[in-house]
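Here the structure comes first, spelled out in structure tokens, and everything after it is commentary.
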Amino acid sequence: WEGEFFPGIPTIKYEGPTSKNPLSFKWYNAQEEILGKKMKDWMRFSVAFWHTFRGSGADPFGSATKNWPWEDGTNSLAMAKRRMRANFEFIKKLGVDLWCFHDRDIAPDAETLEETNKNLDEVVALAKKLQGTKIHPLWGTSQLFLHPRYMHGAATSSEVGVYAYAAAQVKKAMEATHYLGGENYVFWGGREGYQTLLNTDMERELDHMARFLEAAVAYKKKIGFNGTLLIEPKPQEPTKHQYDWDAATSANFLRKYGLIDEFKLNIECNHATLSGHSCHHELETARINGLLGNIDANTGDPQVGWDTDQFLTDISEATMVMLSVVRNDGSLTDLVRKRYQSFDTEIGTKIEAGKADFEMLEKKAMEWGEPKVPSAKQELAEMIFQSAL
Amino acid sequence: WEGEFFPGIPTIKYEGPTSKNPLSFKWYNAQEEILGKKMKDWMRFSVAFWHTFRGSGADPFGSATKNWPWEDGTNSLAMAKRRMRANFEFIKKLGVDLWCFHDRDIAPDAETLEETNKNLDEVVALAKKLQGTKIHPLWGTSQLFLHPRYMHGAATSSEVGVYAYAAAQVKKAMEATHYLGGENYVFWGGREGYQTLLNTDMERELDHMARFLEAAVAYKKKIGFNGTLLIEPKPQEPTKHQYDWDAATSANFLRKYGLIDEFKLNIECNHATLSGHSCHHELETARINGLLGNIDANTGDPQVGWDTDQFLTDISEATMVMLSVVRNDGSLTDLVRKRYQSFDTEIGTKIEAGKADFEMLEKKAMEWGEPKVPSAKQELAEMIFQSAL
Amino acid sequence: WEGEFFPGIPTIKYEGPTSKNPLSFKWYNAQEEILGKKMKDWMRFSVAFWHTFRGSGADPFGSATKNWPWEDGTNSLAMAKRRMRANFEFIKKLGVDLWCFHDRDIAPDAETLEETNKNLDEVVALAKKLQGTKIHPLWGTSQLFLHPRYMHGAATSSEVGVYAYAAAQVKKAMEATHYLGGENYVFWGGREGYQTLLNTDMERELDHMARFLEAAVAYKKKIGFNGTLLIEPKPQEPTKHQYDWDAATSANFLRKYGLIDEFKLNIECNHATLSGHSCHHELETARINGLLGNIDANTGDPQVGWDTDQFLTDISEATMVMLSVVRNDGSLTDLVRKRYQSFDTEIGTKIEAGKADFEMLEKKAMEWGEPKVPSAKQELAEMIFQSAL
Amino acid sequence: WEGEFFPGIPTIKYEGPTSKNPLSFKWYNAQEEILGKKMKDWMRFSVAFWHTFRGSGADPFGSATKNWPWEDGTNSLAMAKRRMRANFEFIKKLGVDLWCFHDRDIAPDAETLEETNKNLDEVVALAKKLQGTKIHPLWGTSQLFLHPRYMHGAATSSEVGVYAYAAAQVKKAMEATHYLGGENYVFWGGREGYQTLLNTDMERELDHMARFLEAAVAYKKKIGFNGTLLIEPKPQEPTKHQYDWDAATSANFLRKYGLIDEFKLNIECNHATLSGHSCHHELETARINGLLGNIDANTGDPQVGWDTDQFLTDISEATMVMLSVVRNDGSLTDLVRKRYQSFDTEIGTKIEAGKADFEMLEKKAMEWGEPKVPSAKQELAEMIFQSAL
């Protein structure tokens, strides 16, 4: 494949909200400063290699519908390299400087693990060259779900051979991420879960998962990789029930096994809604637990029970997501602060300091009589929010 | 009200599976021994005062449909005492020896907290007398949701006066539970949650909830109450999102605030399914985290998005619930044990002991080549389970 | 109660999008013309008496939290009249000219149906006077769900006495609606459904419902009421499964019983989402079936399984609703028209006229070879839509 | 491939409920008579070719895990014939006499439609031979979803060329089904629906679907195929919203376009639950509308939002399904009949005959006073049902 992969597509520019050009930024102006920070630093867009270059448009009832002209129908090493060149042309034309990848999406499986690793090395070396000085991975990860060996899980497989294989794969993918200057390494446990509890020893599987992650932490330190390790919660799909169900479940796991200081979370909006929460809730739960590491700001369909992984085009939802990132003073913050002002008192301060026992409180309750309870002003808060869009 | 409340209804007896009498036990034979324990000790049925005597059959679109002949339309102290007598006639005719209650369901609110407490004292004294030597509460709790003062929560209300009132109420209810010989004290945070995050400081509210529970623990110890404190998770309803969403969320909260050793969980099946899990999953999650305290083995409707709190009549579901209680050897346990046998090896043992690092595992993975992955035998497990019903 | 009900609240005015006054219209400017029609005629806002004056803020776990100062705690006729005066002050201050009501919400139940009817007559006479010449009901309806007699349904109750009572109630409410100049009469079958099919003869119940609606049509004609009869679909709540599940289910019912020309639908957005559809889908389904009669443009919470009946504050959703009302040429319409242009051909026209049989089509398919299938441009459509907000 | 496909697996026999052999029938005894009919005639089990022989165990995140030894990795004609022989060995060893198929699952796609049809002819000829005199298809159908040409639908594609291609494919598949002695022909509109209404002309698409089905009816009659045409409702997946959402939606469509007498429904339990109904509800809805044609008695997972298409192993659910097939007198039927007995009266009969107008009913309502409303005995009905398992 010679020449450009996307001929006729120039670098995408900021053209402002009135532009009718679909291939332009209407609001995102990378260098513009907002609250003392450039927009590109508030919103660190990263190109996901698998969605962009390996997504085929297939679904459980349909075969591939997306056919790039440079694909030759094989999963050869040569094809992998060609795709990687397309990837960097895409990244540059988009004007971003971050990308992310799974090991098996960028390089093909071979007969043995040794040869597979060699494939990965070759593609990673090319990527390193193409990255230049400005581009690097937001994160790398290993694909521990597509190959049939992972049908019952990777770290939580009932087969010890699979556990070992997964460990070897993560080891290598972590090395590659480190070599490419990646900022984070992600664990998405798509197959770490069960189809039915009737055939599953959930406790033993969770113990295995903890051992696996401990070994990952140890290896990270050994090779001097300073990036953050991220867990990406998802409630289900492909399994009936995944172990990293949501932010709180993942936090509990990390606390139970003493891993809370070694990991953060990668919150994906569509995973949030599948688990019965709003994306905003999951982001806030991660933040409150000191675990907000990264955001996959996609969207799903509220009437559909699987991950549609769509672009987040709804401006209300997108703004809601940014609320957990940008903390800014304004009429909404003000409304919230005022709601709790009765705790900004002597007794409130005692309560918050853990110095108000039930007897003291009972005395107060009797002294005060029936408390007055004002409105929480939900509609007003919604109106302030929508007016700001 | 003189005489019997349920005239013509005798004590309910075990009559065996062929009985056509709807008011008989078909399978439950209290004194029969199963696996070395009496059925009454495996299944500790407890009469819930509120469902049985305060449930009116109303719903959000309909007024009361259930009218006991002894009710006079008031919520007077005399009425409360009459109801308590009905309660004990019911318990005795059912042949069980446990009951449970909310403070405000057994005794009426009055103008002031002092008078309300006096009302409670009178009813509790009567209950104590009626209990005799055989009957006692499985648990007591306080109703921190019905009164309008709790519209924004109790321990997580934005109003400090409400926090104090709730503390005083729990203090009193805990004393009553202790006095009646209760085995547990339950916290169901029906209003501890939010309607919208736009007007909510979730972090501050969770801190308040932790302070409240710490004070409850301190008070429990102070009065020498040795019962277990239980948290009852529920994802939502009445609030849009409750803080004790599910077992894992509750466990994370308890761990974060250092309360994990002071509480256990009260798992309700219908709450489990509303949170997107099976009841079996929630029970196992509680068990694995060392938090399985009590079970509310009700059922809901799989197509309905609210708590219907129905009797668990489905025998498959009921058996599934007992799986987390009764650990017994059999063909299912056997099937599960065999699935994981590759970890009952030298390398498996090392992994489970945290002594297998990524380099050792990589070496093994290369040595072993592609792992063999057998079927997980889901259909066989389901067949074994259904055959046992 | 003397004087104003809402003292200090002036008539609500249009103040434009930059106004910070929460009690002002930011976008709605009643007299402004859009596409040749005044905004007030595009958006015919109507005050719902029950939400505004009878909604108590109670929920299944909490008692009333909303206490109007003019309420005296009774459901007396005097109270009903006072409320009606508050209603018209509210309507006038809001600057709208439509309202809607349930019979039992505006006037109290009495001991007998005759006296209840007399109560209704008195309140209706007052409302007629207060309406003046500018205000009238968008619709009236009867409350066939709150009273315990309707616990198993009204037209579909298993009790013939309830069926008769409901008929009498609808007869009277229809007369009242007619007298007040109402434009529509609504049937919301909140209790027409079942809790379990095990105790239900669904076929017989549906036959009864059809008989009931036939009788309503006959009576409407007899009294010369020219308003539209509307069915308001809802999937469930209060029942486990309602008969008017969604627009398509209601349409099927109307077709089966030959009632399709006598009714239209009142689509409520929150009911739509509870039935698994978007509001836009339900509106389009109603429109395509010639049944779009009225819109209850509320909203719900996507993570909650019951009707929260909130104000529709989200601007994307609100715009989507208006798409079924306002048909306007623009880039989106254009995109859709172009998608189907291959049917604007000779063979396409034959297909659409029902003149293309399988043999003719097979010949074409063989002649044409593999068809080319272009992208459906979903993201572009979403971008056009969001840009227009 | 020589010899047996399933060596060592004998014909499956009835061995009774106590058998521990997983490859035996525990309750199904084909020749045993129940209520005057053989079990094989009550439960007409049919082998689905695609699940059994083309299901690969892949899912959206995983590649194939099920590898039959006779598969050579190709989709050649020779492979198709080999599979067909495996199919009939399987059917015979199972002891059933029905099977069902998609055109493209039994024979491979070729370059042109003509050649593809030739492939189908060859495989169908072999199947005809292998069927012998005892075996025949319960139904045939065409696969109008897997090939990328159907990405926007088949009969409802925006491309006329796709419509024509689909017509040609159904024509051929209907001929094959007729030739093999099939009893039914099924339409499952997996791609007949939309991803977003923003780019969709739903009305025009539904018109096209009706035209397509009209042409199918005409062709069926032309070739003398007397089998039943079946529509299989499914709410979504692969599309965001399918047109044949559920039984009532399909019935409305058939009524609207005058096709109600030409089609029946094929109810699939997992599709039922995805649409928010119980399977029992969908079966009853089909039955009441005179549309109960066939049952796909599978099951799904109540906590999962996609079609898992599992074997129905739960005995309560399985029995519930049979309730719509077997109408038998018993205590449950009796309970239901008694509930409605107030309609078995003079006035009830008038109502059911459409001879009771609102005035007559009002008179009755006033004469009778407040109706008495007995319990619906839900728990008793559930107890009767569970006791019968």
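Points worth noting:
Letters A, B, C and D name the chains as they come in the text, with residue numbers starting at 1 for each one.
Basically, contacts are C-beta pairs under 8 Å (C-beta built on N, C-alpha and C of every residue); 3 or more make two chains touch, one makes a residue touch a chain.
Everything quoted here is computed from the prediction, not taken from an experiment.
Counting C-beta pairs in contact, the pair that comes out ahead of the other among B-D and B-C is B-C. Which listed pair repeats A-D comes down to matching contact pairs by residue number; over half match for B-C among B-C, C-D or A-C. For the pair subunit A and subunit B, the distance between C-alpha centroids works out to 34 Å.
Per-chain CA centroids place subunit B at a distance of 39 Å from subunit C. Residues of subunit C in contact with at least two other chains: 65, 148, 151, 241, 276-278, 303, 373, 382.
The touching residues of subunit A, counted against subunit D in their complex, run 57, 59-65, 145-148, 150-151, 190-191, 236-238, 240-241, 274, 301, 303-306, 308.
If you check the complex, the residues on subunit B that touch subunit D are 17, 22, 26, 65, 273, 276-278, 302-303, 311, 313-316, 373, 379-380, 382-383, 386-387, 389. Subunit D contributes residues 112-114, 148-149, 151-152, 157-165, 167-168, 170-172, 195-204, 206-208, 211, 214-216, 218-219, 235, 241, 245-246, 248-249, 251-253, 255-256, 275-278, 280-281, 284-285, 287-289, 332, 335-337, 339-340, 342-343, 345, 347-348, 351-352, 354, 356-359, 361-362, 364-366, 368-374, 376-378, 381-382, 384-385 to its touches with subunit C in the complex.
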